[in-house]
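Structures given as structure tokens follow.
What follows is a pair of complexes built around chain A, which joins chain B in one and chain C in the other.
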Partner chain A sequence: MPFLPITYASTSTKILSSWRTSKPVIDYTKCTRCAICWKFCPDVAIDLVVDSRLKSPNEKFSSLEAPSIDYDHCKGCGICETECPFGAIEMVREEE
Partner chain B sequence: MTGNEAVAAGVKLSNVKVIAAYPITPQTTIVEKLAEMVANGELNSKFIEVESEHSAMSAVTASEMTGVRSFTASSSHGLLYMHEALHWAAGMRLPLVMTVVNRAIGPPWSIWGEHTDSFNQKDTGWLQMYCETNQEAMDSILLGYKIAENNKLLLPVMNMLDAFTLSHTSEPVEVRSHSTAADYLGELELESKMDFNNPAGYGSIVPPDGPFMEMKKDMRDSMYNATNAIKKEITTFNDLFNAELPGLTENFMMEDADYALITLGAISSTAKYTIRKLRERGQKVGLIRLYFYRPFPGEEIVKAVKGLKGLGVVERNLSFGQRGPTFEDVATALYGRVDVPMRNYVVGLGGRDVRVKDYELMFENLVEGNNEIEWVNVEAR
Partner chain C sequence: MPLTIPREEYMEQGHTACAGCGAALSMRYMLKAAGPKTALAIPACCWSVVPGEFPATNLKVPLLYTPFAAAGAAISGLREGLDAQGKEDYNVFAFAGDGGTADIGLQGLSAAMERGHNVIYIMYDNEAYMNTGIQRSGSTPYGAWTTTTPVGMKRDFKKQNKKFVADLMIAQNVPYVATATIGYPEDLERKISIAKSIKGPKFIQILSPCPPGWYHNSADTVKISRLAVESKVFPLYEFRNGKFSLFKPGKTARLTDYLSLQGRFAHLKDDEIKVIEESVNERWSYLLKKEQS
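Let's look at the complex of A and B:
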């Protein structure tokens, strides 16, 4: 059988954090869980999780699915920061 | 039937399920005939009209990936427009078959025959077959699918006809038995076909330390090692259909030849006529016709040319800044193994006739001429 260019493993399982120069950090006190960052992330590095320990603008938001950055996979493109309507994501320079 | 009608008949015999094409002279009547067959219910296929040749090749690449036997045809500038998609089809290891009706590349604009269009595609990973007759044009479609779908090979096949000389000229053609053809090819069973229950990335990115080189080497090895399988398939085909396909090459009056030419495609028939004529005059001349050009039949040529005093490589295409590609490939095959004086002739560009007296001139030049590239039937300016 020929060596076919078909891959069954998703690239989301690969650790690509070394590509990053800065990382997105979510300020959960501003995050309304709108999930726009999750929709715009071009390479599925944002998961949606329910975690009652996360802060929120008020308690009504704390039971909703909140975005969580997969820092093993995020390449630091910054699209989430640009798209967040509430200024809840900030790109922070990675330390050398 | 005409060459193009013979190709359409071959596609029908091969039970092709998807046809996508964009019209271009002189290929158009192939897909015109196929569209007619689909419309009147003679052929149970999906016919996709697309907006370009790039889309035609992309469409059949996609349909073949779902495990469905697919076909397209093109010519000249249309084929060049497909170039990128040809690499994708071959790289994805898809057993497609495409007919190319060889036509010149402009400028100046020309709709007539020469092989430059398909020679420009010789490095894309497609197998290449050049037909001499309309019978061969039909048989090569069936044989093409059989070879391409071989599980050890899985590479697409390009099947060439000379513009008008074959495509629009009628010859007696025996249409092969439909039931024998159906048994011969069977249903396409592609192990690697797309499966919605098991999603995968097809042709997705591979880093430099990933298996990129390994995959390319596997393609190259598969093509290189295909020659024995192809020869076996041709023998089977000839036995089953009582056909007369040659091997990878056809040796014509080569047994005791002193001087020989190498040709491809329909211009070979005139060469054979000339050789018979010269033989009557007592000249020991012969012909090697390359039926397959990829994989290149180097071993066959080495065997055939032993003992020759001169070998002329006839080129109906052109490479600028170097000799013709067939000449280079023959020289590579012979290098260090057989020492035969070789000459290169450029003929028949833009549909220019290749006449008996042109072949006579080539044989004369082989005996006496210098070792420079020779242009045949060209006005001095």
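Let's look at the complex of A and C:
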């Protein structure tokens, strides 16, 4: 028998976007792809993706993995904004 | 950019922890270090509701819910059962809150450590019974507001000092005892990895700030946990094979920096802050002395 929970259904299909009052928005021109926001996200709502559309003025950064926020699961706690050492994340109030 | 902690996630999105939960971060880092060969026992605490309602779970590892007082007993049984099946490469963890460790589960923990099972007991310390509505626990620090130590016309804040469970475990001569906090994920991950490599009982206490219980901004969770170490309120130390080592933070912060961010300490007057400061300094010099001896 595999060593797995007997019934396993992932909670990742749940949408929790209604929990937040403001959402983080990343300014990719300031982001240096340090992944500190990824490290400190309690909701695992920041993925690291390689996307050539996310332009950075520094060519070196454009090819690296960039953080991308999963707005279905972000609860808007704002830890990423506080921890970002480059001020690249801003919390924007959600519209009604 | 190279990542400083493992990339694999064993905790998924969609859990029901509050925004900015410190305990969710503790679990995330703990499982990153623990890996897939992990069995987990959780007594009544915040984490007994966070994974989601049956049959959904946000954890990719097997999970056993236990009664409040029985986390220590449950991991002892899990360990012996796995050993009997020859699955000695699996790690058995308990993940308990401070109520289930310092107060209700203390006898189970103490007995499991005394019997010497090869288990790891993680206490995530949010300094009150947060799941049931912020009642005072043995681990609540002096001066804190909780719903059972209210502050109004009569200032009934907690008058007793915090119980340091990690110190109790050192007194019991457990092979590996450590304190960690979510502000230092690399350090936390290293301590879990060391605990995995040692045979015998292990105990790790993780300070996990709680935005609704501590009355702080959810954005400050990581900042507060770092300030707790820098202001020496929550010293990080390790006890391994009888040797005690204390982490001395490179940057120091004032005690008021730590207290002022939290609403549960907002009522404190200068002389009460002085009482906290004295006990923090006293404990720091006690730990320094312990390191030298």
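Here is the rule we go by: the second predicted complex is superposed on the first by the 87 of 96 C-alpha atoms of A that agree within 3 Å, B and C clash if a C-alpha of one lies under 4 Å from a C-alpha of the other, contacts with A are read in each partner's own complex, and residues count from 1 in each chain.
In this text, a contact is a pair of C-beta atoms (placed from the backbone, for glycine too) under 8 Å apart; a residue touches a chain by one contact, two chains touch by 3 or more.
This is a predicted model, so every value here is computed, not measured.
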Partner chain(s) touched by A:Phe40 [first = chain B, second = chain C, both, neither]: second
Which of chain B and chain C A:Asn58 touches, first, second, both or neither: neither
Dominant contact partner of chain A by residue count, chain C or chain B: C
Which of chain B and chain C A:Gly78 touches, first, second, both or neither: second
Partner chain in contact with A:Tyr8 - chain B first, chain C second, else both or neither: both
Chain B versus chain C as contact partner of A:Arg20, first or second or both or neither: second
Shared chain A surface residues [contacts with chain B and with chain C]: 3-5, 7-8, 10-11
Residue numbers on chain C that touch chain A, as the complex places them: 1, 3-5, 7, 9, 11-15, 17-22, 24-25, 28, 37, 39, 51-52, 54-58, 61-63, 87, 90, 185, 211, 217-223
For the chain A and chain B complex, residues of the former touching the latter: 1-8, 10-11
Chain A residues within the chain C interface of the complex: 3-5, 7-14, 16, 19-20, 32-35, 38-40, 42-45, 48, 64-65, 70, 72-73, 75-79, 81-83, 91
Chain A-facing residues of chain B, complex: 91-93, 151-154, 191-192, 198, 200-206, 211, 214-215, 218-219, 222
